[in-house]
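Next, two complexes with chain A in common: one pairs it with chain B, the other with chain C.
So, the complex of A and B:
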């Protein structure tokens, strides 16, 4: 095998493949990245048995062939290469890399040990989304997924496709994020995708732009980009029925500047910051003011007020500042609407419709985002 | 130090046959009978023996099977540490009513420095007697008290005062008191050190006190020699270090027979989680970090920890988290000898509590209700169906 590649393209491809390299302990071959040259294309593949990554980049191919090299080592090497063309050549059991005057010999691993990657079915109905919208949706939703393996179903993003719309939901049981986007594929399907697979797909969407096509199948989901593909296994188990958690009405509604509230919450929360426990921030809501307070007599206290329009009676309600800031960050709009029942019931956070363009929902890209947040009992 | 500080300010209070005495208090039918507290299983040992049982030569840490051969009519009770802990807590409150300087050594013994309490409660020996009487009157349990110039001597005294006695060792009598004692009575002298000393003809504390320093160093080494020499003349400068709130708690179970069934391990974890969660709730704290401990049949021990996003005092959650750690070890028919669960990173539970969207805190309410029932009707009143014995 022998090829010549652009340093930046090659490095970018290796780094991306490295993100789904598996754990050496289970099966040594999983810690490798497979490189294969076919004509003038270099194909890279890696798998951690949950997510399979495959991509290709254009190269000047001189000799076809396939090898397996330790992913981390290869990534560390290409990261440091000078900005010049890279030449790669295999001799015996070594991958010889030359870039400028730098030379590396990387030991090969038995390529036949590398598992066969999952393939999307050829006849599946594929839906296409704008990469930007896909990346934004994942960014808004995935962070609410749990990182706690004790409840596997909560570590995923639930994708529910119906005729015309796709709804992505994640919750760690303390907060929930939900986003609905238009969907050009008709079949009703629901899949529970590991959070890490969603993040990997988002990363691809962000660096590649253009479009992403999604193929939802009963046992796997495929995200395809121009020259990259991710196939992920699904999380087994049933995602909770979250729609019944969303309150049907509200007793109080607050409209407030999003960035300002986020800044105040983050600033005030500093005094409550402690390693062992989360100290809540308390919002004191009155007709035209939001007073944000945090802290205790032990460490210190802070408060700051900002304008906010409240419909309904005054309310004091406390939240984990991180969860509140996450929701505000995800909403993305200029102003947000927060709906409350009382201080122990979930609050609903939505982007506020922009005054100038309060048109139909489809013309307001953020209107289909919802963030549900459980308060802290103090 | 105030000029009025007494010469013998240190008390060592030690409960007599603590677990057995608590059991006799809970079940009056046991009073006056040989009672053994401990496990009955294949590897069970005596955790505590009543004085009636000690007559037969039974002592704690003796294998239960052997104890029962010595005294077949003994009543065996399995330990109820939650109950002992309750008593221990009340004991501690009693100690703290006479001095803030209380250093617990275990559930049933503590050092107290009452040097500053004289004007309120009288001289140390009077305080000692007062404590012993209050423990009898308020807890219904026997305790022995040593009153001495320092911790080492106070502990020796309480040992000599048993059962339910008080020994006051005056500063001027230390040499005479110590001299007669066998070296084994000195703090830190175990079987091996004792054997080594005896080979050189050193049998009593007086023998050690009369031995030249360099000779002692040759027999037991530098570090031990220095400690031995000062203890032999009754010197001990260690202060009473007051109790600090627990940084963590743990519980573990050694199986009668090694276990290789994952279902049994998970079930045992649930039992451990229940125990820990109850202790957390009793202490009004919640834990953020949990640690799973496994000792394999070959005695290799592994621990795995996880820190949660939010603190918990909740058995269901502790169980789910620890079971996930267990699963991650991917044990396949590996024989396990011991399973343990510990928690750390404790925070006050009464403080703010993040509410959940899902499962509605119902398990939490169930667990608290179970606490109330157990406190009123005993530990067997409520348990999980999964923990009921098969059949």
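So, the complex of A and C:
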């Protein structure tokens, strides 16, 4: 195998493949990236048995062939290469990389040990989304997935496709994020995709732009981009019925500048950072002011007020500052609407309607993003 | 449990192939069908393993382990140094200090986790032959004797039966209903309990701990 590639393209491709290299010491082949040259294209593949990555980049191919090289080592090497064309040539069990005056000899692994990657079904119904919208949806939702493997179903993003819309939901039982986007496939399907796979797909969508094709199948999901593909297995188990958690009504409704509230929450929460457990921030809501307080006599205290329009009676309610800031960050709009029942019931956060003044309580914003946040008892 | 120490080579074929060259290793075959190949190192992690359900075929110096997913582990035995088998019987499970007591404490604080409207009368209620973990009252005012275990097995049901027999002799308490609470109740224990009119409730220790702390959750 022999090829010549642009350093930046080759490095980007290796870095991307490296993200799904496995780390199971008992299966050494998983720690490798498979490189295959076919004509003037270099194909890279890696898998951790959960997510399979495949991509190809244009190269100047001189000799076809396939090799398996240690992923981390290859990534570390290409990251440091000077900005010049890269020549790669295999002799016996060594990959010789030359870039400018730098030369590396990397020992190869048996390529036949590399597992066959999962293949999407050829006749499946593929839906196409704008990459920007896909990336934004994942960014808004996936952060609410749990990182605790004790409850695997909460570590994924539930994708529920119905005629005309796709709803992505994630929850760690303290907060929940839900976004609905248009969907050009009619078939009803629900899949629970590992958060890591969604994040990897988002990364691809962000760097490549254009469009992403999604193929939802009963046992796997495929995300395809112009030059790369991710196939992920699904999380087994039933995702909780989360729609019943969304309150049907509210007693109080706050409209507030999103960026300003987020900044204040982050600033005030600093006094809790030295604690091992997260110190809640308390929002003191009155007709036209939001007073944000945090801290205790032992460590230090902070408070800051900002303007906010409250419909309903005054309320004091406390939240985990990180979860509140996550929701505000995810909403993305200029202003947000927060709906409350009382200090112990979940609050609903939505982007405020684009028009300058919030309408009466009855005209709820028909936003496609919703963040449900459980308060903290203080 | 069968333990074989042998010089062997091991080949795995499934979604990928893996080969362990010839060396002395421990092969563990558990009663549930799990097969694990250990080296003399690497802590608890086997070099190769196949989770049950498996089919183990012992050929002449070659063991073939297959599972329904089509994965295959082939163990070629060059020299068997030890081959012993022992029936370990039922495992009582991991007993962590304090967990059962903590479970009892949590259920005493949140008796409604055992049944709607249940209120605590007292913990460790003496019966004359030992204390029953919790004595509660249901919404109709009837007494409910609760035995709390980490793992619900037949001996726990027998224990509660004995307590109920004693408690039902007390005219101020009777009729006393039995409630058997555990993180996991074995099917045989459940059948025996329900046959004797004892209610069974499986409780989630982690959820209870969540209840005990001030953490509010969506579900």
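To be clear about the criterion, the second predicted complex is superposed on the first by the 364 of 378 C-alpha atoms of A that agree within 3 Å, B and C clash if a C-alpha of one lies under 4 Å from a C-alpha of the other, contacts with A are read in each partner's own complex, and residues count from 1 in each chain.
To be clear about the criterion, a residue touches a chain if its C-beta (ideal position, glycine included) is under 8 Å from a C-beta of that chain, and two chains touch if they have at least 3 such contacts.
The structure presented is a predicted model; accordingly, all values stated were derived computationally and were not measured.
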Clash-or-fit label for the pair chain B, chain C on chain A: clash
Touching partner for A:279 - first (chain B), second (chain C), both, neither: first
First (chain B), second (chain C), both or neither touched by A:54: neither
Which of chain B and chain C A:240 touches, first, second, both or neither: both
Contacts of A:175 with chain B and chain C, given as first, second, both or neither: both
Which superposed partner A:374 touches (first chain B, second chain C, both, neither): both
Partner chain(s) touched by A:346 [first = chain B, second = chain C, both, neither]: both
Partner chain(s) touched by A:148 [first = chain B, second = chain C, both, neither]: first
Chain B and chain C footprints on chain A, overlapping residues: 150, 171, 173-176, 240, 242, 245, 344, 346, 372, 374-377
Sites on chain C touched by chain A in the complex: 15-18, 45-48, 206, 214-219
Chain B - residues contacting chain A, complex: 288, 308-311, 317, 320-321, 323-324, 328, 345-347, 351-359
Contact footprint of chain B on chain A as seen in their complex: 147-151, 171-176, 240, 242, 245, 276-280, 318, 320, 344, 346, 372, 374-378
Touching residues on chain A, where the partner in the complex is chain C: 26-30, 49, 112-116, 150, 171, 173-176, 240, 242, 245, 344, 346, 372, 374-377
